[in-house]
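What follows is one structure encoded as structure tokens, with my remarks underneath.
We just call them A, B, C and D in the order they show up, numbering each chain from 1.
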Amino acid sequence: MERKLTTLQEAIKNLVNDGDKLALGGVGRNRCPMDAVREIIRQGKKNLHLIGREKGIDFDMLIGAGCVSKVSFALVSLEEFGLAPNFRRFAQEGKIELDEHACGSIINSIRASAMGIPCIPVKGFIGSDVLRHSKTIKEFICPFTGEKLVLVKALNPDVAIIHAHKADEYGNVQLLGSPWEDIYMAKAAKRVIVTVEEIIPHEEIKENPHLTAIPYFYVSAVVHTPRGAYPTSCDSYYNYDDDNIKEYAQLARTPEGFQEYLKKYVFQSC
Amino acid sequence: MERKLTTLQEAIKNLVNDGDKLALGGVGRNRCPMDAVREIIRQGKKNLHLIGREKGIDFDMLIGAGCVSKVSFALVSLEEFGLAPNFRRFAQEGKIELDEHACGSIINSIRASAMGIPCIPVKGFIGSDVLRHSKTIKEFICPFTGEKLVLVKALNPDVAIIHAHKADEYGNVQLLGSPWEDIYMAKAAKRVIVTVEEIIPHEEIKENPHLTAIPYFYVSAVVHTPRGAYPTSCDSYYNYDDDNIKEYAQLARTPEGFQEYLKKYVFQSC
Amino acid sequence: MEYKVSELMISLMAREIKDGDKVLQGLYSPMPMLACLLAKNFHAPNMTYFNTADVVDPNPTEVPFSTAGPKLQENCIAYLPLAEVFDLAQKGELSLIFLGAAQVDMYGNTNLSVIGDYHNPKVRLPGGAASAYLCGFMETVIWIPKHNPKVFVEKVPFITGQGYINGWDTRERLGIGRGGPRKVITNLCVMDFEPKTKRMRLVSVHPGVTVEDVVNNTGFELIIPEEVPTTAPPTPEEIEFIRNIDPNNVREIEFK
Amino acid sequence: MEYKVSELMISLMAREIKDGDKVLQGLYSPMPMLACLLAKNFHAPNMTYFNTADVVDPNPTEVPFSTAGPKLQENCIAYLPLAEVFDLAQKGELSLIFLGAAQVDMYGNTNLSVIGDYHNPKVRLPGGAASAYLCGFMETVIWIPKHNPKVFVEKVPFITGQGYINGWDTRERLGIGRGGPRKVITNLCVMDFEPKTKRMRLVSVHPGVTVEDVVNNTGFELIIPEEVPTTAPPTPEEIEFIRNIDPNNVREIEFK
């Protein structure tokens, strides 16, 4: 097995390209790979196509920083802190293209990508205007049963970045909290960066093979980033910092305020 | 949560009906739910449609005992002990209908059933006579990519029976060895019987929620059957008994010999 | 016993859950989260509670602000990715989901996508999360913390979540007869849908609220039955449970 | 050093595995199992070894008779259901699979289904396991422990596993250009496929075997190059490794 432990700077530089389809792990303000998000902003990546289910500050920051040209999503929101300000602003100004999904289609699109199939049947969508406007969801009749469903296109991310709990230096990953789409994303993407709270010896992996959620061969790079999900939560390790997210929500209401947040929390902290 | 601990006799009587599509866990001579197989034979169930990937003595015994009218399979064999004698005999005499698959289609058929979709695209099969003769695999063009694939029909088992390591009385199951299709089967079937080596207190389930491979709501009945996979293996609990399987292979060469095996190992042991 | 409208709504939502139901609670869903926990600890001990923390039947000592937050993992039985909860839904085994919306129309269609033109929106909303998918085949309960004419509109400009579309048998004609919105629970009242026309209908008004209040705050003509009872209040035990499990007033965040 | 033909075949099969490959070993596959373990412990330490025990990279102290047996779990890194190994295959990330067959024809098509009519068979064979699926898009190596004219037939009556079908560009014309059989390794020789016609071609004969032996035991006209070298024997280190990890002669069961 190849050693894959590297720095965040190297991982983002070598594995995230302008124009990539990028899937980010976590949900809402929980276990988003925020250290990686900040590094992507610092490196000024462009024209990313973001893929995620129910996302918040991670997507909004990347959009506001000008890294994004397209978003495949079921929801982008800061929840009780309001609409995602950059997502809203960039969408309203026509600066980002939206590929609107529902959870069931984006999840199954990622799952189909992980399965290596170009599309997958799912239920629902009929009667929704989401279907009418979608280029990645189409009506479909099952040839065996005659049932009317839709087919969802596999989005096939180029890169997935997830934040996990533990991994060895080869990229064998233990994911000990809520799974969300993190494991599917890691199996769906061509390149995978895993940022982790702890690097553990390979022997610990072998002692508990049932806990290896993502074996090494799916993983391109492992980066040790303690508190790397901050200000989002990381299961038993730390909770979200709602003060920081609230500050973000308030500052990001204006482009100037957003730049202030970036200056304070993204460009200073490196 | 409902208590689901019951006897094998009750579980088979109440949950396996004549004519059911029945999926059986395990692979080859490993972790097949043999106690359940023997009970099905004792209860004289009829017209079962067996579903499984690479099966051996379990399928062959049920076929020989006259319980089976149809088999969906990728392989039925006794490996180094020879062709599965009853499978071969009943197929050659036209007494069972065969729905021949390959591993990739039968697995994905079970997976599609677990996902609640009527069919699923898979690769392969084109150019094989298996496709030409199949009623459950059809050619398909992906409307997004134009790629030529096949669609596999979801077989939707009525009942799945798997042999697992530990469960609580509510049917929360820990599966600590090779997964095979056992978990997919449990999630695919309308009714699920889990036979287990050990019944553990509910508190042990809650202490290790990551080990709960099959939560209670998928499960209809839990039966405590120590060594319930015999003569097939059960991971760290016990190995297969090749002497018994060899004896089976020799006796089952003739219908009379097969009856002798049943008399000795199925009807005596109850 | 005195109670807040959030507590009343949680109690009403909990009562939509029957024992043995399988219920999914989504993201940014504090009241559904509390309703599920209330139901499971009171009248529906055998319900299965799924949520955005991807855990089965948690029983947290204190509810988190994020309804996907780590605290929600406490005392759970298993982890299960949402993908597999949706698989259950596709198999017809999920009983109910609570859905929020920025706008709701007379046929229970919901909008969480845009105000204005879809491609050139006046307000780009967050997106409907599970709506367009689950509303196509599942029974839903819609909860609205701020009942007003901006939310309750004659016709949503964009159907994110399918209600009864154009009413009557539209769903059947589209081949999606199964499911549809069952109830709408707001800070003013409870509503359901008249079986024939599928138009929204008043069921009960909350204590202190008049039928006129509801009518004035609804942007379309609601069906008003001759008798409109007052909504039954939460029991003291329910209120106590909610306050005990929610010392930080997570239940109030949608009312700010 | 003296060696058995099983040991030679295992060594030859191992050499088909390159470092970094991802290789799947199936059920009733003792020689592929030993070949994978040999490769990983010798020239391909970075290969990924998948098998029917549904584990990743096991390193057992002793190989089991059942190639899905519990002993094969020893010292593994992870459990991974075959479904997900096939997902990798569908993504083009699986490098190689070893496949067995009851019959093989001149274009590398394999039969594991029936002798005689499909619906009224003379002999109902066990079925092709992964064949019809993986042979449609993957590179395969076929191993045959008993090279004789009953196994090597002009045309298989039933194509379970796709070889080059009718040869030439048949696969391309069917849209399955990717993959196909790379080598056939038997107890007598090594064969591959002539690039243009896709007909089976002799590569080397094992020590002590003549070209005539191969021709006499093959039921179709094999392409015989002008020079046919003798197969390189296994090294003493390889033989020692095999014997050490297989004290029960699991490697011999296919020769009985």
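One rule holds in what follows: a contact is a pair of C-beta atoms (placed from the backbone, for glycine too) under 8 Å apart; a residue touches a chain by one contact, two chains touch by 3 or more.
This structure is a prediction, so every number in the text was calculated from the model and none was measured.
Enquirer: On a CA-centroid basis, which chain has its centre farthest from subunit B's?
Expert: The chain farthest from subunit B, judged by C-alpha centres, is C.
Enquirer: More than half of B-C's contact pairs recur, by residue number, in one of A-C, B-D or A-D. Which one?
Expert: A-D
Enquirer: Find the geometric centre of each of subunit A and subunit C from their Cα atoms only, then give the gap between the two centres in Å, rounded to an integer.
Expert: For subunit A versus subunit C, the centre distance works out to 27 Å.
Enquirer: From the mean C-alpha coordinate of subunit C to that of subunit D, what's the distance rounded to whole Å?
Expert: The answer is 57 Å.
Enquirer: Taking each chain's centre as the mean position of its Cα atoms, how many Å separate subunit A from subunit D?
Expert: 40
Enquirer: Using the touch rule from the top of the page, what residues of subunit B touch 2 or more other chains?
Expert: 116-117, 122-123, 210
Enquirer: Which residues does subunit D have that touch at least 2 chains other than itself?
Expert: 55, 73, 79-80, 89-90
Enquirer: Based on the touch definition given at the start, go ahead and assign the chain network to line, ring, star, complete or other.
Expert: Contact map by chain: other.
Enquirer: Provide the full list of chain pairs in touch.
Expert: A-B, A-C, A-D, B-C, B-D
Enquirer: Can you list the residues on subunit C that touch subunit B in the complex?
Expert: Subunit C residues touching subunit B: 22, 46, 48, 55-56, 73, 75-80, 84, 87-92.
Enquirer: Per the contact definition, I'd like the list of subunit B residues that touch subunit C in the complex.
Expert: Residue positions touching the partner: 1-2, 114-117, 172, 187, 205-206, 209-210, 212, 215-217.
Enquirer: Subunit C touches which residues of subunit A in the complex?
Expert: Within the complex, subunit A touches subunit C at residues 27-30, 53-54, 73-77, 79-80, 83-84, 87-88, 91-92, 94, 98, 100-105, 107-108, 111, 122-131, 133, 148, 177-181, 183-184, 233-236, 239-240, 242.
Enquirer: Using the touch definition from the top, list the residues of subunit A that touch subunit B in their complex.
Expert: 116-123, 136, 138, 140, 142-145, 147, 149, 151, 153, 176, 210-211
Enquirer: Subunit A touches which residues of subunit C in the complex?
Expert: Against subunit A, the touching part of subunit C is residues 27-28, 52-55, 64-71, 73, 79-83, 86, 89-90, 112-113, 118, 120-137, 158-162, 165, 170-171, 174-176, 253-254, 256.
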